[in-house]
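Note that the chains take the letters A, B and C in the order they are written out, and that residue 1 is the start of every chain.
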C-alpha cells in the first residue's frame, strides 16, 4: 500500500528557498533546555522565532503567527495550559502546527495524557524519535527520558498506522529518518552520530519543520526537506574539535545553507 | 530643541572601565531564550549577573543589587508578579533599572498592560527596537513578535516624546541606535546585520545598559556607551564561518574589549 | 583527625570510564540559565540528561533515573515544590542525589529555607562555592548572588563540619577544590580563572558529580574525580580567542576526555 522513496537535494531546495523568502513567524512553546538553540536555528534558516508562553497571550499570538511548535520536554501545569490553548486555536485558525512529544510514554503519565489531548487538536506534523512514536502508538517503548532506545526501522509500521489514525504526518527521526502520512513515505539516511550527542537537534528540527510547512502545497515533502537539511548540516559540521565546536558548526552550516541556496 | 551627536571611542572607554572596576551585581529578570547568553555577556564585560525570579526573593534582592533588568519576552503571570514587585522596590530604593519591553504592542495585550504598569515605576532606561518604542508611544507599529519591522529614524520623534513623558532614557536600537532623554540624543551607526540574525543581542544589550548605568554621573552617555560597545563588537566579530561562530565571536569580542581597555 | 590528599589522573580514569560505560540517566531540576550547557556537559561526558520538572512527574521519574541533581539557582514556588518531591523520593528510593545550593544565604531567605528542607532528605553530595558552604554552615558569608567572595581554604573547617553533621559529601569548589566527608579530604588545585568568567561551570560540575556517583563504590573519590575532570578541561580549553570560544572549547575538552579514556 505504501511507497518509500529517497530524497534528492533538488527536491529540497525549493522548500529552503520558501522559508528564506517568506521569513515565517514561528510561534514556539518549547522546553527550557533548547529555547536559545531553537531560536538560533530558526534565525539561521531565515525564519522569525517568537517564544510566547503566557496563557493570556498564546491564543492571540497563534492567530498572527504563520505556524506553531509545541514541545512538551519540560512541561508543567502552567505550560500545559498554554499548550492546550494554543493547539486549540491553531486547529480553529487552521494554523499549521507541529507536536514534539518529548519523552512521552508509560514512565511519565502526566505528559502522556497531555500529549493525547494535544493530538485531538490535529497537529499537522508529529516529530519524534522511535521510542516516542511507539509510545504514542500504544506500543511498548524501551526509552526512559528524552533519548530513544528503539530503531526507526522497526517502528516504521507503527508510524504509518499512527499517521493514518490521526490523519497527520509523522516525522520519525533517528539513524534513518522516516517521514510518512501513512501512504507515501520518505526515507533519509545519513546524518551523523554527533547529532545525538548535543542537546536540542531533534527539538530544533521540529521547529524547522514548523517553518518549512508554512504555505506549503506539499507539507509531507516540506517536512522531509527540513529533516534532510538537518542531516546534511550534521554531516558537514566540523566534528574534529569536540562536541562544543560541533554544536556551533551545526548552526554555521544551517546558516550557510540559507546563504547558498 | 534637541541635539543629536555621534559618539567617539574616547567617550566610551571610561564607562567600560567603570564596569570593569566596580563589577556591578546586575539582577536580571529576563526571558527564557536568552538567560545563558545574557549571563555570559555580563560576565564578559566584567559584571556579575544574578537571575533571581521568585516573588518571595526579588524585592529582597533588588535591595542588594547594583541595578535591575526587566525583560518581558517570555512573561507569564508568575514572572509578571515578580517583575512588578522588583520594579516597585527599585523605585523605592532608587536602584537604577532597565525595561526591555519585548514584543509589546496591540497583538499582545497582556504584556502591553504589564509594560505600562512597569513604566509607572519609572525605569531609568527603556531599551527596545523601533516597533516596541512606537507601540509604547501609542503609535501603530508594524511588528509582530520580537523582531522590529520599523526603522529607528522614522520613530525618533516618538522616542524623544516618550523619554520626556516618562522622564526616562530611551535606547532605541536598530540600523542606527538613538539614545535620547528627549533633549540630548546620541546616534550610533555601524554594527552588523548579523546582530539581528542571532537571538539575544538586543536583550543582552539591555543587560549591558543595566551594568553601565551603575553609579554613573551621566546615565545617558553610559547607555550610549553600552550600545556603542555592542555595535563595535558586532563589527569585529567573525561572520565568515556562519551564524553559530558569529555568536561565539561576539562574546569573544565583548570579553576582549574588557581586557584591552 | 582528617587527612587531605591530592588526586592523580590514574585515580580519576576509572570514574570517567564508568560514566562512559553506564551512560547514567541523570534527572536534572536545575536553573533556567544553565539548562542547555548542563545538558551538553552531561552528553559530552557520556551521560544522558533529562530535565523533568513538573510536580506531577518528578517523583515518578526519580524512580527510573540513576541519579538526581537539584540546583536552586532560579527557584520559585513551583520548582521548589518539585524539588522537595524529588528529593523526598530520592531518599526513599536510595537514588543518589546532588544538591547545588546556589546563592544560599541571609540575603535570600526563601531559598535558604528550602535548602534546609532539602538537606533533611540527605543529599549524597552538596556542591557549592565557599560562600554557599559557609552560609549552609550558619557562618557569615560575604557573597551576594551566585558568585563567591570567600576562599575555599578559609572555609574548609566548616565544610568538614557540615559534612559530618549531615553525613554527606561536600564538594566546595574554587581556587582549590576540597572534597570532603569530614574525615577524608581531597584537594584539587589548578583549573583556570576563565572558569569563573563564563556561566554554568559550577552548575554543570554539580550535574557531572551526579553522573559520576552512580553505582560508585567510592562516592567521595567519584565526586573528586568529577571536580578534577572539570579543572583539567578548564586548563586545556583555549582561552586565547575570548570567553565565547572558551565556553565552546571547554565542552570540546570534556567530550575529548570521554573519547580518549
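In the analysis below, contacts are C-beta pairs under 8 Å (C-beta built on N, C-alpha and C of every residue); 3 or more make two chains touch, one makes a residue touch a chain.
From a predicted model like this one, the values you see are computed outputs, not experimental measurements.
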Angular offset of subunit A relative to subunit C [C-alpha, multiple of 5 degrees]: 120
Subunit B against subunit A, contact positions shared by both copies (same if over half, else different): different
Centroid distance [mean C-alpha coordinates] between subunit B and subunit A, Å: 32
Sites on subunit A at which at least two other chains make contact: 32, 35-36, 78, 247-248
Subunit C-facing residues of subunit A, complex: 31-37, 73-78, 80, 103, 107-111, 144-147, 197-200, 241-245, 247-248
Interface residues, subunit A side, partner subunit B - complex: 25, 27, 32, 35-36, 39-40, 43-44, 48-57, 60-61, 64-65, 78, 82, 247-256
